[in-house]
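Two complexes, one shared chain (subunit A), two partners (subunit B, subunit C).
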Partner chain A sequence: MTAVQAAVRGRAARGRGADRGVSFLLLPALIPVLIFSVGPLLYGIYLSFTDARGGRNAVVSFVGLKNFGEVLTDGDFWSSFKIGLIWAVSVTVLQFAAALGLALLLNSDLRLRGLARALAMAPWAMPPIVIGLMWRLVYHPNAGILNATLRDAHVIGHNVDWLNNFGTALPAIIVVGVWTGMPQTTVVLLAGLQGVASELHEAAAVDGAGVWRRFWSITLPQLRPVIIAITSLDFVWNINQFAMVYALTQGGPGGRTRLPMLFAYEEAFRYGFFGYAAALGVAITIVVLVVLGLYLWRQMRENA
Partner chain B sequence: MRRRLRSVAAVAAAAVIGLAAGCSGGGSSDSGKPVKLKFLSLAWQKDSLAANKRLVAEWNKENPKIQVQYVQGSWDNVNDQLVTSFEGGDPPDVIHDDSSALAGFASQGYLTDLTKLLPAGLKSDIPQAAWGTATFAGQGGGDQGIYGVPFLQESQVILANKKLLDDAGVKVPTVDAPWTWDQFQQISKKLTSGKRFGVAWALKSPVNRVLNLSLNYGGTFFQTSGGKTTVKVGPQEREVLQRIHDQLYKDKSADPSALGMGTADPLPGFYAGKYAMLPASIYMRQQVIEQAPKNFEWVTIPPLKGQTTQQGEIAQTLSVAADSKHPKEAVKFISWFLNGQHQVELAKGDWLIPTSQTAAKDPSLNTSKDGWDIATASAKSLILAPYLKVDGYDEFKTKVATPALQSYFANKISIDQLAQKLTGDGDKVLARYQH
Partner chain C sequence: MSKPLKYVALLAYLVFLGFPLLWLLSTSFKTQREMATLHPRWIPHHPTLSNFTDAFSTQDLTGSALRSLVVALSVAVITVVLALPAAYALARHRSLLNRVAIGWVLVSQVFPVMLIIIPLFMILRRLDLVNTLPGLILVHVTFTLPFALWMLQGYVRGVPRELEEAAAVDGAGRLRTLVRVIAPLLTPGVIATLLFAFISSWNEFFFALVILKDPDKATLPLTLVKFTGAEQAARLGPLAAASVLATIPSLIFFAVIQRRLRSGLTAGAVKG
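And then the complex of A and B:
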């Protein structure tokens, strides 16, 4: 055995030992993940292949793909899924537009910039249920501040019941969704903006580019990876939104705001079809992954 | 890392607490420690809350061996909450709910069959018709059993602005000679003038209300043959639907902007004289008394008559969870809690009618003040609501009937389309529950 070989083997052994040490240190972090994330996930996937129903000592049997067959033909679910897509896409797009505006504003040299940045974070500090309750008061037909303001401004003649009207319920909750998700999006975009090198702007300004031109040709392209990341995350987060809409409308009126997650929740906890609800959850996950995959693939390809 | 460690510690702590709870919950009755019962109450009106809490405190003082813990629930989400706690195996011992939820829970085996546990005194004090609202087939379509003690019943009456009635020369009818629907429709037209409507139908949650009232014309909405239940919408079922629709769009005597309102939402408009009459449940009287301006005069108009004055009945109930470790003690508490004298107190607190016959005779529930005599007399019109016996009714209601009725009353679909939706989509839903 040469000295070199010995040194190599020694290093390899030391490396393996270090690995073991690292995985041992990772254990405390891994256990909660396994117990609270992976475990329920696997259990949910298992349930989706069974006929699990509510009932004391109910017997659960394996039914194969039966639940998924029913999901495919469940018109109620797909109309709820359509609502979910309208909701997720419009909230994500509007949120992005509004957040970008806010981020640009906060990135410029304002007076009291620190305070403004802190205030922009306010919605982030609220739990979704509290947001739901607060906005329910804003939209209240008789005592809400929205109706009062619009009436004073003579925009409407009589009180509108925003959350119970077939036409206004979905737009009303979309507004709340945009408001709720803006802080995350703003913070991420703001961080991205601060990463844009000021030399680029200066150089472009020297070349005579105006504000708009600099925004289109420098800021946006530079922000691109950040934009892709935050819009994808927002989309997933929005389509899985549950608590806030549950507090606002519980899916009413007449199912006009019944997002897919609410639909699955009702199947499970209201009607007791646990197996079917799990299948719905799996189906939602698959569709979201496909949509997201297509989006990311296109963006990456354009980027390359 | 620190956060992860903390969550591990939290899990460990939770496990320890769980073990401790498991130990203390187990053989407590032998060891001489008091039996502990959890009582999930849905009381929400101020007087009712006070009455419930007072009774629990009184029981705990008199029965040191059986201690009852009051747990506050809410009608909004009680059934979701119960499903999770039943599945988790730790439900409250004594459960306050209403008869429409019991059929499902009974057939899933979550509730104790009380038939043999109930004391004779309580059984005879509550009439057979009321027991019917809590009698269902057990798990897997087993034998019929009593799965709750019905104690408060609700009937639909009409609250009216006295001054507007007097101005129009309309006389208030009596319980023995009530208005027919025809008369009611004419009077609504008569009371409509300028910006004022004769009536406001608040139909945000229209299903139970319409189904209960449809019994005026014998409309049952469900039929069972060969063990299979299906939805039916025949001429009898269409009567009340069509009449309310006519008031909205033909007579124009009902305010269309009240349609999306929950039951209590039209009250401010009612006080302001925007509508002369408000079809409502009897408990709404309490809200009127609490909120109405001092000089507002109002009367209670007895239930309307179609072919009969019959209305479907849903009762509030107290049940015992099948997983309860102390069913006997729970029944003992329930029968004390719902004796005649206490039912008077609970009925007054919730402004509803007691099922107890002793309680119904109490003078304070028969005065003409605040419409109590009319409310109590309306109990005669209450019959078992047919939908209570339909397994899967809750899903039928939320998925099919609520959107369909809302669209019909918003004049977006015709009555034939409504009938088609109810029977077509409705039968599909009901089929999920029939084996």
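And then the complex of A and C:
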């Protein structure tokens, strides 16, 4: 670097003399993330092109696109992936609708607001495993409160085994997913609502716009960036969900709730197909990025 | 919407959010006989504490709770010690690295842990850290760091740069400024980040499942899941009791920091 360049750089950034100091401050945080997160990520992509197995001294050889070819024709994976998409999309949409309603209520002056706020936070503080176990108790065929209540109300004649029934297992865990994700979504939407300029509302009210009209024409458009951000994040979190479903159903009955993460976990750590499971990870990432990209692109275009 | 209608809606939310929690509590106080024979009801017939004592004696709950405590405390302290200098550097020196770091926080959300866990497992195996608590601590720290960094740098930005300059003018050295001026102002942020890291680690299940194979090493979430193995109605009481106990620490922490954590998150969001 020439002296002139150095001088320019030095002037451009205030206190560049401390440059070395800055990198020393960054290193302690940077090194573990690089070694145990960025590195494995790249290594994982490499593994997806190999036949790596779980054994300690297994010889790893490069197999090109073989794993991906198998992914494409693996019926079990695709049915698991379909379940994952149904799960992630339904939970994200329902979560958003429920959280928006709650955020609107919390944003108006009602009694019991504090209680609702505290309750809405509860799932956040709970270990996902405990959430799963708790809902197992709710859904339990004989000792659960759901069957007892529905039977008392004569909605059902006999006890239903919600989590072991082919037809009811997925809807049952979707309800739990919605319950679990309420806090983040509600908090973020509430923060967004509090940022909506009240002058706009007042002006619209003076002009005679009703509550619904103001919601559609002022609140929603103003919330739009927040909505896009939180629904995208929710979608990614949901499709990567593992612990809660593991505690609820372990993927059963007959794979009806086997989300892609559970499927890949079994391939890797039950059967030891490391290379194949890495390829599954890559495939899931690509599809998530495509879905997210399409969603964001559509939202941006509508916005413009 | 009219006010009564709003209250009906709010009540519906309260029921939906609250009833599973109440049912968990109710189940944890029920006797084995009541679970096996009676029609389920909200108020336990003969409330008992035996489920809680059972939970502690039948499974290695105390041991796994202690291990979880050791792991979560280590993760919290190590994360903050590593993240604090970096957060300070990122907040005070706007640079490319800054944007890269923030970008990584977001990117790391999108990549499925599945892609990272396999190579990570192989690395840990080579280091002989599989099936050890230090191995789990290492992984938890790595995955808590980006978000902790993001939270902390939001707090650092909340401390006006002018304060530092004023201290420098008054003749305070750089270190002295950090210790005497910046550190006290950052305390709430540091506490919030400590607690965030603690809860993330205390609640974490997936990495623990992969890394800790030995039942003697299991953390609390792993031990809890074992309760589902033998799920006769009689075992449900201890299961509920153990779940309640496992939630208490993070519930307490959350109650204490709820407001702070929320403001910390938004501080990072607005100024990030």
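In this text, the second predicted complex is superposed on the first by the 282 of 304 C-alpha atoms of A that agree within 3 Å, B and C clash if a C-alpha of one lies under 4 Å from a C-alpha of the other, contacts with A are read in each partner's own complex, and residues count from 1 in each chain.
Just so it is clear, contacts are C-beta pairs under 8 Å (C-beta built on N, C-alpha and C of every residue); 3 or more make two chains touch, one makes a residue touch a chain.
All values reported here derive from a predicted model rather than from experimental measurement.
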Partner chain(s) touched by A:Asp76 [first = subunit B, second = subunit C, both, neither]: first
Partner chain in contact with A:Pro28 - subunit B first, subunit C second, else both or neither: both
Partner chain in contact with A:Arg56 - subunit B first, subunit C second, else both or neither: both
Subunit B versus subunit C as contact partner of A:Ala103, first or second or both or neither: neither
Partner chain in contact with A:Leu112 - subunit B first, subunit C second, else both or neither: second
Touched partner set for A:Leu133, first subunit B, second subunit C, both or neither: second
More subunit A residues in contact [subunit B versus subunit C]: C
Touching partner for A:Leu193 - first (subunit B), second (subunit C), both, neither: neither
Which superposed partner A:Met121 touches (first subunit B, second subunit C, both, neither): second
Which superposed partner A:Ile227 touches (first subunit B, second subunit C, both, neither): neither
Where subunit A meets both subunit C and subunit B, residue numbers: 28-29, 32, 56, 142, 269
Residues of subunit A that touch subunit B when the two form their complex: 28-29, 31-32, 35, 53-58, 76, 141-142, 158, 161, 164-166, 252-255, 266, 269-273
Parts of subunit B lying in touch with subunit A, wherever the complex brings them together: 1, 4-5, 7-8, 11, 79-80, 83-84, 86-87, 104, 108-110, 139, 204, 257, 260-261, 265, 268, 322-323, 392, 394-395, 398-399, 402-403, 406-407, 410, 412, 432
Residues of subunit A touching subunit C in the complex: 13, 15, 18, 21-26, 28-30, 32-33, 36-41, 43-45, 47, 52, 56, 98, 101-102, 105, 108, 110-113, 115-116, 118-130, 133-138, 140, 142-145, 147-148, 179, 182, 187, 191, 211, 233, 236-237, 239-240, 242-243, 246-247, 260-261, 264-265, 268-269, 274, 277-278, 280-282, 284-285, 288-289, 292
Subunit A-facing residues of subunit C, complex: 1, 3, 6-7, 9-10, 13-14, 16-21, 23-24, 27, 35-36, 39-42, 81-83, 85-90, 93, 95, 97, 104, 108-120, 122-123, 125, 138-139, 141-143, 145-146, 149, 199, 202-203, 205-206, 209-210, 220-221, 224-225, 227-228, 231, 233, 236, 239-240, 243, 246-247, 250-251, 253-254, 258, 262, 265-266, 269
